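The chains carry the letters A, B, C, D and E, assigned in the order they are written, with residues numbered from 1 in each.
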Amino acid sequence: MADALLSIRDLAVSFQGREAGGSRPLRGVDLEVGPGEVHALVGESGSGKTLTATCVLGLLPVPPARIEAGSIRFQGRELLGLAERERRKLRGRRIGMVFQEPSKYLNPSMRVGEQIVEALILHLGLSRRGARARAAELLELVGLPGGRQILRRYPHELSGGMRQRVMIAMAVSCEPALLIADEPTTALDVTLQRQILRLLLELRDRLGMAVLFVSHDLAVVHGISERVSVIYCGKIVESGSRERVFGRPLHPYTQALLASVPEASRRGTRLAAIPGTVPDAAHVPAGCAFHPRCPLAVEKCRLEVPALLDYAAGPPGRAPAGGEAGASSHLAACHLAGRS
Amino acid sequence: MSTPILEVRRLEKRYAASGILSRSRAGLKAVDGVSFAVEAGSTFGLVGESGCGKTTLARALLYLDPPTVGEVLFEGTPLGGLSRAGLRGFRRHMQIVFQDPNGALDPKMSVRASMGEGLANLGVPRAERERRTAAALELVGIQPAHAGRYPHEFSGGQKQRITIARALSVDPRLLVLDEPVSNLDVSIQAQIINLLLDLKSRLALTYLFISHDLNLVAYLADRIAVMYRGRIVELGSTARILDSALHPYTRRLFASVPRLTGERIAPKMEGDSEAGDSSRKGCRYAARCERGELACHSNDPELHDAGGGHLVACLLPEKNDQGG
Amino acid sequence: MVPGDPALVIAGVDATAEDIAAIRARIGTDRPLPAQYLDWLWRVVRFDFGTSLTSGQPVTALIFERFGLTLSLALLGMLISLVVALPIGVVSAVRRWSFWDYLGMGFSQAGMAVPSFWLGILLLLALAVKIPLFPLFGSGSLRHLVLPAVALGIARAAVLLRLTRASMVEELSKEYVITARAKGLTERMVKYKHALRNGLLPVVTIAGIQLGYMLGGAIIIEQVFSLPGLGRLFLFGVYQRDFPLIQGGVVFVAFAFSLINFLVDILYSVLNPRIRVG
Amino acid sequence: MIRRPAARRLYYAALLFLAILGAAAIAAPLVAPYSPTEQHLDRRLAPPSRTHLLGTDNLGRDLLSRTIYGSRSALLVGIVSVAISALLGSLVGLVAALSSPSLDNLLMLVMDSLLSFPTVLLAITVVSFLGYGLVQVMIAVGVIYAPTFARLVRAETLALKNEGYVEASQALGTPQVLVVFRHILPNLLGKVVVQCSITFALTVVIEASLSYLGLGAQPPTPSWGLMLKDARDYLVQAPWMALYPGLALAFTVLCFNILGDSLSERLNPKL
Amino acid sequence: MRRTFLLALAAGLLIAGLAGAAPKPLTWALSGNPDSLDPQKTAGTLTFQTVRSLYDTLVEPDAKGQIVGALAERWQTSADNLTWTFTLRKGVKFHNGDALTSADVRASFERIKNKEFASPKASEYAAITSIETPDPSTVVFKLAKPFSPLLAALASGWGAILPKSLIDSGHDFSSKPVGTGPFVFKEWVRDNRIVLAKNPDYWLKGLPKFDSLIFQIIPERAVQVQGLIAGQIDGSDIIDQEDVPMLEASGKVNIDRPLTAQIFVLAMNCSKPPLNDLRVRQAVNHAIDKQAVLDVAYGGGKPVGTFMNYGNAYYRDFTSLYPYDPAKARSLLAQAGVGKDTVLEMVLPANYPPHVKAGEMYQEMLSKVGLNVQIKLVDWPTWLKDVYTAAKYDFTAIAHTGKLDPDGTLSGYGTEKRYVRWINATAADYIAKGAGAVGEENRKKLYDQAMMIMAREVPFVFTGTSYRRVVTNKRVKGFRMDPILDTYDFRHTELQ
């Protein structure tokens, strides 16, 4: 897809060190985010979803971690191998990021205003006054009326919801083309969660940016995304539009995940639990990483890593990794996909 | 109607102000006059957002952190009247499973030793203890052969199974489950929930299930109590709470829950604002309530029966026009 | 209970029993101990520590006469330890496991291991005797205070260095640093604008406490360098059983110690918006 | 976190040094070439030589022997006073954490008031009231460092009290005393041991300081602090008198500090 | 931050350097801070060493220890020795401008005798019943009984004459001394230095010969030595034998080695077994190599053999009685039946390192003859209380300072008043008679008897009288140290 905003191909990351034991938390991630699209990356803890986001921003702690292979193209530019100076210019300017716990991700001893303003001055070259005015506007934009007063506050003087709005204001301050939101509502209560999700969607509409929404919560992903990628053990196992992935999941893992969510509508029925546990990055099974827990696994699954193929058209037509089939594609990495 | 297995009457838990500077928090009421009853054999769900007092309530009703005011009756026996030793004897009937499986097992003790503690307290001899420990582990799907291992050798899901087995080792009748699956991965969560369902039917247990996850409670509970700021604001059967909630907070809460079966979220921010604290007097929810009237700010509504055992604490409950 | 009688010290070896009895009556040590203690307590409440038994001077005056020196010694020691500890600690944390870090940590371990009085002796030997850069004795100028302050400051510097490093390492591992990087700030801004401010907060508290401990540590250092400070006065009181002096010294230092801690608390709350009142 | 192999090596080096020191202290009569008090008046202030490896002092006593014997004072004071402060402090901390808030406040007030004096000053004051000597130093130092343990144990106990496994044990009907012995104490132990190691280092320094001021070990008991006190008068003529006891002291402190660091890193591999 | 610190340091160095340009006063090292500068309120040697330059006494000892006139030009005693009449020198002025009169003398001695004032030296003047002042320059002391040591008491530091006007107004002499002495008090920075300036109106015309005198308080001997070598100090009198080579090598100082008036002893508690047994005390005396102790611990000296300092006019030699003989010591101990299981305690004053050093040597020597001695160090007040007053000890090492009169040294011995608890009525009787007797010959006979008994019965090991090393910068000439009172006399001192 030539006009993809962000295109990750075959990204592999390993961790060195005694305790990490040479683990490979990312084993070839393929991901495409189109302009203005809300793309959800969903997976369990340790699946590599946050790490993928970190790689895009270029904030990987380099001594223990190492990018083994792959490419990350953003707005047509290869990010891997780019000088740190150049990458820094993208961070905050073209790619914004919102994190899970706003209370931790804000500098506790710095006024909110200063934290918003510094990126504006750095990236947009605004004067301090101009930056402050812009910051106040941004706070209004994220639903914090009376922004000027809030600029003078310290993070601890704000409620959890307000802090997350401030984080979002910071992330979108330079009107980035891509906003990475890493579990932005996990630490919030449900009522606040919905507000923040609405805010993200509205901002997307107003600023025309794409959102890479990283989450473990299938219900939230269902509520917000346009496209969904499911990651398991450092590899994308399924990717497609929200309707396709939730409506007709191809990968047994996706299917099992969806069936395991408790909801009122399922009262009285047993949940479809996935047996076993998520393997840690140092002990990923050979072949399809999911095969030990997969009820359908056959011999081939044990031996051969399945390729990510496009099943949108029905029969398993082999598509090059990354899928050039565009927005309508439905990729899955399973030997058995589409058979049953 | 038979005696409920657990009855909580006007329970309060206050925390004394500590230090001179924290006057503002003087006598903070974490739980403020909560009453409810749990029928034997049922699953009673307690939901609320973080900080609403649900965990404090659980610890208080188990007398792990005794309540400041109020009564807890187990099968009609008031726990407050018991001596220390008497209370210890009673504990075997009510057990608790905590949210964090990592902290729930003593890292310095083998699983066997942790498991045997409750039985040892009951004076069960060692051989019998080991047998019953093994049986309890078997029950929750842990190989009894692994009983000699230490907590760090197990995964989070396995640890939670072990803590459930430990709770069950003394044959309790009531199990308080305080967010037992919140710290677990989605795929493991379902395993534990299924296990809990199995155990309940096999051992004729009663569950008091505490969670912030409305989907989960809606899936599991027979009756649901909704807590807001130390109070129960609404209590009723799961169906009533889901379909015809009377309290505006309950409605809003359940409307906010993302569901797999739900609609895509609309990018509109109508009425979203950061509400401040509500006044000390009056309804706690008044400041955030879209229906709040003047009276709500001065009168504190009591929990009252709106018909059919559906209790609500609201001066202006939703018109319940969906029948029942 | 307390061995030694101050009257005997005043009287000297040739005095007769009558002389000693007269001295006891004059200084009040002939009265029962509880009475003496209550009397003393009552006076302390009025910030009057009584009269030194050996010199006949008011204890308060004696203390204030020497406190200046001890305080300047402690302050200079603090300054030295901060000047040494902060930059090295920060660099150690920022370049963790680098050569500089190992050097800093090595210095820190050595500094904590070397007792200040021994260091004082070595400094005196090296920089006053072998290479006479600093005066051997006397007081009154900054020069006289340099070596004692270094001896006093190094051990404290070692502690502060460790603390600074640990605090900075902790801050650098905190989430807001990731936010700062995600904003595209330069590493310099991330480390010295965002992390440093928070990293130095606990250092302020500990530095304050250290200043208090320096007042105590000065006792020994003043002995080594023959400085006429509070420590020598106090030790003299101990050696001579000059109870009003001992009691006054202890109460005064405890008071100063508490005052410093109080001031540090205020400073901390000024620097740390999280606990700022109002 | 990646643990550095260098740190591990340091840890073993420290252990080795302390083991040697301990062995030397115990077997001092066998190891030391001379009696520590034997005076060779004809060989006063002799520089290090083959007969006296570390030289002699102003009374012609063999410095190597005195340094070896000096380890006895240091280690003895360390062991006894650390034992006193650890036991006393832990007991107070435990009682404070588990008792009513009023008793807790009272106990901690006492402990905090002890902490509001600089250590050396407090030690000198206590010793000046108890009389001079190693035993008095042990008691004084033991009492002075008790608050550190009390605070640590209290804080840890309060934290442990809220641990799931402690609550679970209570929920299973375990009597409080048993909960303390079964769950709280074993989980406290690690941190207390670390604190012991750090306190040991501090104690050794305090002993030396007090002996240096003439308030601690009494001559002719060989003590490093006392040897340094003697050395002060002969700094120029016999610098070796100040050097070796000081080095022994510094190395002992260093090793206990390294030990404490390593142990705490092992217990809490976060930092 | 670092830069500012370095700048401050540099500035400090510069200022200190400029300050050194002023004319150089005489700087004398004092080993400690005097507790008071009021000569009548203390017994401290440091006080008397300092105030010797500020006050004068009626009479004073000359270089040989003979008592000569000072503020009193002359004096005479009545035939019954009960009336002493002193004629004061004319034209003497106090530092505050008052002229010296007999009223000042009377006020000074009434002050010291006043019970409420509680001078530790009050009893030395107990024999005085009244003081009369017939005219401004005549003072008459009336005594209850003949008392020869009175003259010595008047010549001692505590016999200083203070101005009556200031006594009456309650002036604080302890921190602002005012006397008639050769120097005027300027300032006292406690524990640091005491600064004195020349008294231009001093009654000895033309004296003193230099302008400014500083007592620099330096407790560390090693520091004093370095100060002497560096020329920062002009003199000190506490120099150790070990320091001498270094000082000599510097070529900057003169070293004088006079005998002190002190008697260094190993005192024994004669009231406690086994030391109540004469044989044991004799054994102890034989066990000690007195010269070695003097040389190592006390910096050299002369063994004495009895309770009198070597240079004293009343001294008689008994050193041959108990020579160093460990074998004999062992056999005496065997006779007395004292074995290793008897543990004796040697209590030493911790703040006097030479005594501690000596004590360690005594202990080692005694252990060689089979006597088990444990050392216990106590601070000075405890020593005074436990050892000197309550006699709770077996051994102690100490020095007795010199006295102008033999009575000062010997009075009380032979009775339970003295800390050795040595009871000998005959000796006590000779000593008591000695104080009342008149004339040196008469007194000498009595004291000879007493001292002989003491030398035989050995309540002490009479280790000896030590040398003192007075080290002065070569520019200092004519410094005199009183051989008996241990005080400094700067009156004839010149700076070159």
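Observations on the model:
Simple rule for what comes next: a contact is a pair of C-beta atoms (placed from the backbone, for glycine too) under 8 Å apart; a residue touches a chain by one contact, two chains touch by 3 or more.
Just so it is clear, the model here is predicted, and its values are computed rather than measured.
Chains making contact with subunit A as well as with subunit D: B, C. Of all the chains, the one whose CA centre sits at the greatest distance from that of subunit A is E. C-beta contact counts were set side by side for A-B and D-E; A-B has more. Measuring from the averaged C-alpha position of subunit C to that of subunit E gives a distance of 37 Å.
In terms of their C-alpha centroids, the spacing between subunit B and subunit E amounts to 87 Å.
With centres defined as mean CA coordinates, subunit C is found 53 Å away from subunit B. The distance from the centre of subunit C to the centre of subunit D, with each centre set as the mean of the Cα atoms, comes to 21 Å. Under the contact definition stated at the top, not a single residue of subunit B touches 2 or more other chains. In subunit D, the residues touching two or more other chains are 131, 232, 235-236. Counting partner chains per residue, subunit E shows two or more touched chains at residues 220, 226, 351, 378-379, 382. Per the touch definition, subunit D reaches subunit E in the complex via residues 37-39, 41, 44-45, 58-59, 131-133, 214, 218-220, 232-237.
By the touch criterion given at the top, residues 1-2, 5, 8-9, 11-13, 15-16, 19, 33, 35-36, 38, 41-44, 115-123, 174-175, 189-193, 216-220, 223, 226-227, 230, 232, 351, 378-382, 384-386, 388-389, 400-401, 408 of subunit E touch subunit C in their complex.
Those residues of subunit B that touch subunit D in the complex are listed here as 16, 18, 59, 62, 64, 88-92, 94-96, 98, 100, 103-109, 114, 117-118, 121-122, 163, 166-167, 170.
Those residues of subunit C lying in contact with subunit D across their complex are 1-3, 97, 102, 109-110, 112-115, 117-118, 121-122, 124-125, 129, 166, 169-170, 212-217, 219-220, 223-224, 234-235, 238, 246, 249-250, 253-254, 257-258, 261.
Listing the residues of subunit A that touch subunit B in their complex gives 44-45, 143-144, 159, 161-162, 165, 189-191, 193-195, 197-199, 201-202, 204-205, 216-220, 222-224, 242, 246, 256-258, 260-267, 270-275, 277-278, 293.
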